[in-house]
Amino acid sequence: MVLKVAVVGASGYTGVELLRLLYSHPLVEVTFVTSRQYVGTPIAEVFPSLGGCFSLVCKPIDPEMIAAVADVAFVALPHKNAMQVVPELLDKGMKVIDLSADYRLHDQMVYEQWYQKHTSPGLLEEAVYGLPELFRKDISSARLVANPGCYPTSAALALAPLIVNGLIDLNSIIIDSKSGASGAGRGAKTESLYCEVNEGFKAYGIAAHRHTPEIEQTLSGLAGQDVKISFTPHLLPLNRGILTTAYASLDRKLLTAELRDIFLHYYADEKFVRICAVDVTPNIQQVRGSNFCDIGVVADQRTGRVIVVSVIDNLVKGAAGQAVQNLNLMAGFSESTGLDTVAIYP
Amino acid sequence: MVLKVAVVGASGYTGVELLRLLYSHPLVEVTFVTSRQYVGTPIAEVFPSLGGCFSLVCKPIDPEMIAAVADVAFVALPHKNAMQVVPELLDKGMKVIDLSADYRLHDQMVYEQWYQKHTSPGLLEEAVYGLPELFRKDISSARLVANPGCYPTSAALALAPLIVNGLIDLNSIIIDSKSGASGAGRGAKTESLYCEVNEGFKAYGIAAHRHTPEIEQTLSGLAGQDVKISFTPHLLPLNRGILTTAYASLDRKLLTAELRDIFLHYYADEKFVRICAVDVTPNIQQVRGSNFCDIGVVADQRTGRVIVVSVIDNLVKGAAGQAVQNLNLMAGFSESTGLDTVAIYP
Amino acid sequence: MVLKVAVVGASGYTGVELLRLLYSHPLVEVTFVTSRQYVGTPIAEVFPSLGGCFSLVCKPIDPEMIAAVADVAFVALPHKNAMQVVPELLDKGMKVIDLSADYRLHDQMVYEQWYQKHTSPGLLEEAVYGLPELFRKDISSARLVANPGCYPTSAALALAPLIVNGLIDLNSIIIDSKSGASGAGRGAKTESLYCEVNEGFKAYGIAAHRHTPEIEQTLSGLAGQDVKISFTPHLLPLNRGILTTAYASLDRKLLTAELRDIFLHYYADEKFVRICAVDVTPNIQQVRGSNFCDIGVVADQRTGRVIVVSVIDNLVKGAAGQAVQNLNLMAGFSESTGLDTVAIYP
Amino acid sequence: MVLKVAVVGASGYTGVELLRLLYSHPLVEVTFVTSRQYVGTPIAEVFPSLGGCFSLVCKPIDPEMIAAVADVAFVALPHKNAMQVVPELLDKGMKVIDLSADYRLHDQMVYEQWYQKHTSPGLLEEAVYGLPELFRKDISSARLVANPGCYPTSAALALAPLIVNGLIDLNSIIIDSKSGASGAGRGAKTESLYCEVNEGFKAYGIAAHRHTPEIEQTLSGLAGQDVKISFTPHLLPLNRGILTTAYASLDRKLLTAELRDIFLHYYADEKFVRICAVDVTPNIQQVRGSNFCDIGVVADQRTGRVIVVSVIDNLVKGAAGQAVQNLNLMAGFSESTGLDTVAIYP
C-alpha cells in the first residue's frame, strides 16, 4: 500500500522537483497539488515536463480537503506563507515536511530578527531540523520536519566533521557559497531574467543573508558553543547546484590525507555523502539531479587553514530530495527509496 | 533474475548516459565496461557522477571476455570502430545494440558514399533499425539493432504521420534541426571548447550531413517512394536536446487542430511520444533527461505549409534511452522499464 | 561641433546599447535620456556598465524639453507607445529614428491587421525604412526613419541578392530564424527568466510572428511582386545574436561558388556586410557587439535549393547599431562613424 | 604618426582581444602577428570576428623581422615560451609588454619554485610589474613590462586600500576568486569542453595555484612586510570575467560607509577603478569588454571582517586591456587612449 502525499505550492521550482522525485518513488502516491496562481489548471500544463505522468489539477489550499486525501504534506511555500498553513495541516492530523524557513530556527527571537513576526511560535520546539545526516533519529519520530535551507545543508555537511572533532578555530570560519539561479525561485523579477544572470556573476546579501543564523544554529549545536560565521552567497549562471567553499584555521597541523580520513570516517555510513579522493574537489555537475553531497577537503600547509568544498543540487539535497529523504525516515521506508539514482551528466 | 549487459565504449557521453539509465533499470545489471582511453581506471573515477553507484573498472574490448559475463552488448563507439567489434560480439552469441551509424543504412553503397568502406556488409540486411515507434515488431526479434541517429529520430517522428497519411508534397520537405553540444561527443577539439560554443550558434554540414541519407531512408520507406530532403543541423549552446523544425507543403487545406488530431491518432499507443496542445510547440527543456519525444504541429494557412516541431533529449531518446527501449523489446520486458521517469526541469 | 541627440526609452536593452555605441561616437553627444520607470534615477545607476561614462538622469518624456536640447531623437519604446511620441517630436522640428515597428509598414491596413489601430497613419508614407544597404539614398534625406526589426534585417540581407537577380522561386522561401534572449526585452516575465531560457530552446509565434509582413514588404519590393514567406522564429539560450537560415528553390542550377560570387558582387561596396568563404557559414559569435552582418551561402545540388545563413547582433545591426548607421546617413557623417569596431570574441 | 606594434602569439584568446582593442586605438598600428599553429593563414581566417579589419597573415616568431616593422611587442605566449622570445626582442631594440608570468616575480627562486627554471633571470630586476594603479611611474619608463595575471589584478586592486591604510590583520586574508572559461585559454583539453564547463562550477588548484606568489608579492610590497594569503580560484560557466571575494579581519571597527570612503579616496584619480555605492557590490556583467575594475566593500559588524568584491574582464583589465594601458604609459599617450569605452551589456 502506498503512502498518500500532497504537495502544497506545486508551481515553483521546488514543487515541480518534488513531483519529479515522487513520481519515481515506489511507495508514494501524490494525490493533491495546490497552486494559488494556477487554480484549475492541470499541473502538467503548468509544467509540460510532467505531461503523461501527472493528471492532477491545481487546487487552492484547503487543509480539510488535503487531509482527506493525503497523510503527509510537503509545504513548498515561501516563508511567512508556510506558517499560515502548517499549523492547520497538523491539526487535521497530517505529518508535515515544511520546505520554508519558518520552522528551522529554534529561537523565536532569532527568527523574528532575520525574518518577521512568527505566527505559530509554539511549534518551534516541536519542529525537527531535517538534516538526516545529523538528526536522523529525531526526524524518524517527528510530526513536523523543517527541511533545511540549501546553503545551510551544503555548509553544515562541509564543516560538521571538523567541528565535531574539534579541529578548527571556531572564530575563523568563512563560508563562500555559490548557487545556481533556480535558488531564486520562479517569480518574475527583472534581476532573475536570463540576460541579467547569463554571463554574469555577483555576490548578494553580504553579511546579511537569512541563511546565516540557520548555519550558525547547526554549527553551534555541533560545537556546543556559540559559533559566528561570515557567509557570502553568490549567484551562478547555471540552473542547479550549490558549491560551498569553506575556510577555517586548523588548531593543529594536519595533512590533506588525514583530514580526508576524518571525513571518510565521519560519513562512513552515509549513502548520500561522498568524499572525494585526495587532492580532488567536486564539481557541481557531478551531483546534478541527484541527492548526493560530494565533499573534498584540502589542508593549506602554508597558512594552516583547511579548505572544504562541498556540492549539492540545490533543488534535490538542498530541497526536494532531502524532503523525500525525510519522508522516508518519517514513514519508516528505507532512507534512499526513490532517491537511489545517478546524477545526470552532462 | 537480471539480464547481464556490457557497455562497450563507456567513456563518452553516450556511455555515461547508458550507465545512468541502466543503474535505474530493475531488470538489468551492467557487468562489463570498456574504454580504450581509461583501461584500468574505475569508471566512477572517469565520471564522478557514478561514484557510489558503479565499481566497475574500464577494460579493453575483448569480445570473448565480454560474452563470458554479458548477454547483450551496447556498443557506443564511433562509426567505423563499431563495425570492427560488432560481428565478433554476435559470433560469440551476444545480442548487440549498436549506437553508431554502421548498421543503420540498409544499402551498402549509400553507406560507403556518405561514410567509408563497410567491413561487414553482410550484416546490413539482418540489422534492424531501432526506432520502436515505427519498427517495434522487427526489433523484438532482432539479434542486431542499429540504434537510430539523434537527428533522424527527431525528424522521423515529426514527419511520419504526415507521410503515412499522404498529406504532404514529398519534394517540399525541409528539416532544420538544432542540437545541443553533447551531440559532438567528448573529444578534445578546439571547436567544442566552452568559449567556442557558449554565446554562439552556427549551422554546419549544410547539404552534406551524414544523417541525411538515414532520414531519407526512413521517410522513403514510409512513403513507399524515394524522398529527398534538405537537412540543416545547427549547434546550440546547451548540453542536451534536439529541436527539429520541419516544413512541408500540404497537399490539401488542413487546420492546425485537424493536423494535431492526425498526430494524436498516429501516436495514440505510444508511451514516449507526447503531442502538444493546439497552437503549442515544445521546448527542449521539457524532455531533458527523459525518453520522451514531444511534438507540436501548426498549419500555416497563408502559405499552405505545415510546420512540425519535435524535441528529444539527444542522449536519451536520441541515443541511450532509445537503446534501452530497444533492449526492453529484445528482452521481452515492458517497453518503458527503467525509462518511466519525469524530465528534469529546470 | 557635435550633434546633440536624445534617447527616448533608455532603460531597455536597446536603450543601453544605444548609449554604449553613442559614447564611442566622436560626433555625437547624448543630452537627454528618458525612462518612465526610472524617472529621477541616474542612468548609470540603472545600468552600472555606464558608470563613469554618463551622468545623465532619467527624465519623463517631454517633447518640448527634448527638442530644446537635442536635434535628433532615437525612440526605443515598444510599438504603440512609440507612435504616441514620434509625431510630437517631429512637430518640434526634430529628426527621429524610431526603433519600434510603428512606422515600418507602408500599408496602414497591414499594420492594423498585425498590430493595432495606427494613431498617426499620415506619417507612414513619409517614413523611410532604415535598411541602409537597400535604401541608403532615401535615408539620407529622411526626417523620420523606421529602424528595421532584427529578424527582418537578417532575412532581407540574406535574400536580397537572390531576389534582385531573379534566381529563386518566390513561392518557395522559408525563413528559419533563431534569436538571443535580449530580443525579448527587459520586461519581467516568467518565460524570460534565466531558468526558463537556459538549457532550453523553442520556436514561438509560428506562422503568426509580426515580423512576417515586414519581411514580405521588403522582399516584395525587391521582387516587384507579392512575396509570401514562411517565417519561424526561435529563442536561443544566449544574450545577443540572430542567425537566420533561409531556404529557397533555385530557378536554375548554380554552384555554391557562383552563388557566393553573386553575393560578393551585390555587397561589394558595403562596409557592414561580409560574405564568408566558399562552404563556410557564419557563427553568431563573430559579430557580437559589432554592426556586421555576415552571410554564407550554399547550393544543395541534391535538392536544387539554396541555403543562406546570415548572422547579426540583434542589438547592434538589428537595432541600435543600424540606428546609428542611419543617423550617420541623415547627418551627413561617414556611414561607419562610431561603428568601425571589431566584434567581441570570445 | 602611429606607433607600430607586433602581437606575438596572436591565435589565443588574449591575442585576439589585443587585436580587437588595438584596432580601435587611434595611435597604434599592428604590423605583425605571429602564430606557430597558423603560419601562413590570415589572422581573419583564424578569427572571423576580425574579417574586414585585419589583413595580416600569421608569421612564425622571428625577432629580427618583428623588430624591422614594429617598435613595441606584445608577447601573448604561455609562460616558459615567453622567456625564450623576450630577451631577443629587447636585444633588437624593442620595448616589450609580456603577458605571461615569466617576468612578474622579482625573485628567481620563487619563480622556479612555482614554475620552472628561469632562462633569463637577469631581466627579472629590470622588468616592471605592469599594474598602472600601483606602479604607474615605473611603467612609464620601462623597457620590459610584465603584465599582471588576471587573478592578481583583481586581488591587488581589491586589497590595496586596506593594506596601505593599515586596516586589516595581514594574517587573515582569504581570496576566493571565480573566473570565466577564457582564462583557461584556447587549448583543446577535455576539461575545457563546453559540456564539461557548462552547468558546472568547481574550485581548482586549491592552496597551489601559481598566482598565489604573485598576489603575495604585490601585497607584501604594499604592506612592507611578508603577507601570506589563502587563494582559491574557481571556474565559472561564462566566457569573460573574474569576480574576487576577499576577506580579512579589520584591526578596528569600521562602518561600510567609512570603508567605502577610504576606497573612493585611494582610487580618486583612477579612470579605470570604479567604487560601488554603499551596500552595492559589482556584477561581472558590468565590466564585460571594458578595462574597468569595479569594487564594492562591506563591513561585517557581526564578525569584524571586511569583505571586498572586485570584478574585471579577465581578457581586458586582466590581460589585453591592461597591456594597452601599459603601452599608453610607455608611449606617453593619454592612459585611456583606445580604452575609453562602455562595457557591453547585456
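General observations
Going by the order they are written in, the chains are A, B, C and D; count residues from 1 in each one.
To be clear about the criterion, a contact is a pair of C-beta atoms (placed from the backbone, for glycine too) under 8 Å apart; a residue touches a chain by one contact, two chains touch by 3 or more.
Model, not experiment: these values are computed from the prediction.
The chains touching subunit A as well as subunit C are B, D. With centres computed as the average of Cα coordinates, no chain lies farther from subunit B than D. The geometric centre of subunit A is 36 Å away from that of subunit B, both derived from CA atoms. Each chain gets a centre from the mean of its Cα atoms; for subunit B and subunit C, those two points are 38 Å apart. Shown for subunit A are the residues in touch with two or more other chains, namely 13, 182, 195-196, 198-199, 237-240, 282-283, 285, 288, 346.
By the touch criterion stated above, subunit D contacts subunit B in their complex at residues 13, 181-182, 186, 188-190, 192-199, 237-239.
The touching residues of subunit D, when paired with subunit A in their complex, are 174, 176, 178, 195-196, 198-204, 206-207, 228-230, 232, 234, 236-241, 243, 245, 247, 281-285, 288, 298-303, 305, 307, 309, 346. Of all residues in subunit C, only 13, 16, 19-20, 23-24, 45, 47-53, 182, 199, 239-240, 271, 274, 276-277, 282-283, 285-290, 292, 294, 341-346 touch subunit D in the complex they form.
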